[in-house]
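Next up: some structures, all given as structure tokens.
The following pair of complexes shares a single chain, chain A, combined with chain B in the former and chain C in the latter.
Let's turn to the complex of A and B:
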């Protein structure tokens, strides 16, 4: 474009010589120019391995899951078509509504804390902590398997023998049943996951911060903008696309909380941590009701699709203000 | 050139196919009474005994090798079910009364009737009633009994002596749902707070308890109160289901069981038993081993673990006598079943018959871990326990006196547990009254009216 407008005589650009040079350029660097049928074949070849994985492990199970959600199926034996009966039962199932409630509680606590803390960490990494060692150390909890992190905290927060409760008692406060009491069980698990994921989220946001050109900040400081207002008026708006992506991914991730619950409270106390994924697992794998479990999974899928759509729409995640 | 390459590839492919065909041909030989069969169990304490059985079995039948896999109870059933669906379940596995109805319904077990009659397995050698537990509603037999279990009270002898309770007193406790009888008195007296005050003394601080009179492993709803409260509720004349085995109506709406549960839950409110919320993630036997509880009600399969705690002088008392003036215990037994998908049925039958014979059950008896199903082996196990200095009469007397009742054997066991556990937890945690079990009971019974 720029070369064309700068060209003194437009007609010259249409000369055979320039066309020829373009052609030779195409021959010289295959794939860099026009993408024709020949490239499509190569593209398909490269996509193929990923496609196999996608079809085998995502597409087929999704379609089969949707089919199973309209059946009664105990894994042993054949699925029996029962129409929308599973969905009708779910609408009346108090445990489903309970699961939706506790899952939402978990998501809200987890996302708010994680995003705020991660943003703070990202800014610190960007401005203060330039050392690779410190930046790397932030990622350490994320390197731990979810189950290990959960078990470690389960042990440290134990009512009887946990070091945290020993400390609380030493300070002179009554012991807290972090996993055992209904009001604490979900916040505790949300905090554990916040602890584990914070560094990773911070790293994503940090990458986003680095993409904001320094010239914008220079201009702001010349205009006399203070650090706080620079953050609200420049950093945050320009970080929005990355923030949107991070939020969509972390919200989807935390709606699917499972392993922490599975290795600690297993839905209890009473129904306080019976989150959606765990309830799906319980109905399908413990109680051999794969039809009902599939229907619950389809509902979770729809919820996530809607939530992700709303987030993208409102955060305008596909546009950047940098242009 | 190209053709040559193709030809070579084709030849190689044919050769590979031929080789693999040979390989698989050798594996599934016509005689299915040969080769390796897989056997699963969940209790690691029993693994050495059964490994010994497998080695002895291999000596007697050199053509058959048994490969034993032990998987903890929490993952055991999921793995078996998934294995059945994917064709990788074990040939033979330790089966549980609460699980086998679902396997029968989905035709996953091999009926053993023909084998029992051809090989003349003596079903009367087992303790009374054990063999017939494994007969399904279709009248077919799906397992040979391997052991049985009852429930008793494990207690800390030193704590009891300090509280002035003699072994004879501990062995003759009585209970009723109104004031808990001498069972509650003993529990209260054995409870000590941080200031050294006993649970039945004035000034007892129920919020700062050092030693609980009774330990709490959980609400025990999954197996109908097997180790925690069923031995009490049974003395009121209550039964979990309309008939056993194969009941189709549960009775948790009955005042008798609700009163029992209400009494039990009240112990936590009084400070005599840990609050449910403090036991999440905790292990009740270990708390007993650490001297944090004086009494633990538990099954005989736990003897080894309780005996193993260092510095604890272990006493074992029978369950308290109840409303009907007698004591009671749930009677449960395990069996070995054969998966219908096995490719080595004959070998599997041989192994199951060996497991159900006195040859193997005497080996199990000699290890003093559980009580084998065969009467003579049971006596040998009791002797083996006695040789270790453990008096197991609290468990065996239930079988001699026929003071046992059965674990409810019904369909939908996992779904029943899924409903009952949160409901029972809520009552034990003091969040809901015992009458709320009526609601859960209605949900449970709705499962059977479908």
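Let's turn to the complex of A and C:
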């Protein structure tokens, strides 16, 4: 689920600010005013179970995953150290480059569509209807599992008797093999995800819009600002921090597309939807090549880190213009 | 949808506003796109495969019947199922439903409880290294799940826990980074007065946590539990790796299997949609009861 990964202290929220001031009154800067060991003993007891989970299922696997990427390991027998051989092989692996290509295509289509539609919806809701019922209806697809979204559209977009193709034919256009053609397979996957995520993203942006003080708009309208220029000059710049967070989270999420592909096209037709995570899954679990799979996972991890870093830098997501 | 009022009426009442009307039309369109596919699932689930092909665009179920649901719950014999367009392979959604319920409930209970404890230590106790450890915990949210899933799979395999409920729940049982973050945020904003009074009375941290802090946190705990439960209900990748046997399969994985068993040329659409509907039902029920809570929990201003 989406979270504020990079912002333990979100400056966005009013609560965040009041908390800070309270904290500084009571105990000064964190880490500064601790006398002796403080509550260390009791704190260790409180975090003990979470610590087990953290070490066993996050910390050790992260290290082990990096180690495995330098080995040849097929589950049977022990991992055998082979240095950077896996990485050299990846550099020459056409299937990897194909996976990177189709994943990028998916991310671009998905993010552009989803963000534009969600921004439009958020503004519409902000303007004309703030009711919980409307927001609830738009959120409904997001609450469904990816697998459900995938099957639902697999049926609706069926070439033979799917309702969408019925409609397309009724309009007078030729039927589309949404899942069956190489050209359409990735856009279709992206559309499914856009359908599932659009409302959720709209709600996040809507919450961001709500946080922009009304006085700003009033000042703009007194100055005679038109709706369009209000949007470009006021709404969008003030929404930027929220938009940046939404983009970072959704881009990272879309790079890890797997469920819808696994349920519908399974990488096909040919290699059209063999996205990165599906390729990793196939190498590691179908071909028992854990070393190579781990190396691919490390690459995916690095790509995500770089993309997130560039986005934060470019969009200055950690600064607000509201103060 | 757009009611075009005559100029006279428009002058008397509110003047007709094109911008407002088109905003409503667009919003209505988005809602239709979001909600109508669910009706189509319902309509297909109550149809028979035979008449679906002939009436592919009919708004009402084609040849209304319950065969698809019987097939999904394993209540049809193989020959009956094949006659109605099913694959005839044994499929038992009762088992998957039960597994999904267990998997989601156990992980939610464990993660919410242990994460709350940790969040209390991060928010309210003073100890050296606290902020460093917290940052480390939060950092795990940046690691893509597939990256840890490979080694975690090996661990669960080495422990001999493949295809067991324990193996399924273990990685989620002790904490989720999001749950810790969420609860810490709440604890930081909670008033300290009652706690401090109790502290002066000599109450220990344990008592304060269980008797004062947790009861006061009932509302955010409920929200967190809801979000966690729905997230776990929809989980696919980890159960796909670990719970592959008929006995340990959860609904999402079962749906995938059911789809792949469906006859290639003429898929068992009504069966598939019945199964989809059953998988969606628990979340739909939760949403109809707690909709407001869920909708209001979404936004960056609070936590999620």
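Just so we're on the same page, the second predicted complex is superposed on the first by the 270 of 323 C-alpha atoms of A that agree within 3 Å, B and C clash if a C-alpha of one lies under 4 Å from a C-alpha of the other, contacts with A are read in each partner's own complex, and residues count from 1 in each chain.
In this text, contacts are C-beta pairs under 8 Å (C-beta built on N, C-alpha and C of every residue); 3 or more make two chains touch, one makes a residue touch a chain.
Here the structure is a predicted model, which is why all the values come from computation and not from measurement.
Legend: residue contacts after superposition of the two complexes on their common chain; A:159 is shown touching chain B, with no touch to chain C. In the superposition on chain A, A:265 makes contact with chain B only, not with chain C. More residues of chain A lie in touch with C than with the remaining chain of the pair chain B and chain C. By the touch criterion defined above, A:285 reaches both chain B and chain C.
Judged by the touch definition given at the top, the superposed model places A:77 against chain B, while chain C stays out of reach.
For the contact definition in use here, the residues of chain A common to its chain B contact set and its chain C contact set are 75, 154-155, 158, 160, 285. Of all residues in chain A, only 1-5, 8, 10, 12-15, 18-19, 23, 26-27, 30-31, 33-34, 37-40, 42-44, 46-47, 49-54, 56-62, 64-65, 68, 75, 117, 120-121, 124-125, 127-129, 132, 134-141, 143-148, 151-156, 158, 160-163, 166, 195, 198-200, 203-204, 206-208, 210-211, 227, 242, 245-246, 252, 255-256, 258-259, 262-263, 277, 280-281, 284-285, 290, 293-294, 297-298, 300-301, 304-305, 308 touch chain C in the complex they form. Taken in their complex, chain A has these residues touching chain B: 74-77, 154-155, 158-160, 175, 177, 179-182, 264-265, 267-271, 274, 282-283, 285-289.
The part of chain B that touches chain A in the complex is made up of residues 78, 81-82, 84-85, 102, 106-108, 275-282, 287, 292, 414-415, 418, 421-422, 425-426, 429, 431. On the side of chain C, the complex with chain A involves touching residues 19-20, 23-24, 26-27, 30-31, 33-35, 37-38, 40-41, 44, 52-53, 56-57, 114-115, 117-118, 120-122, 125-128, 130-131, 133-138, 140-148, 150-155, 157, 170-171, 173-175, 177-178, 180-181, 185, 188-189, 192, 205-206, 209, 227, 230-231, 233-237, 240-241, 252, 255-256, 259, 267, 269, 272-273, 276, 279-280, 283, 287, 291-292, 294-296, 298-304.
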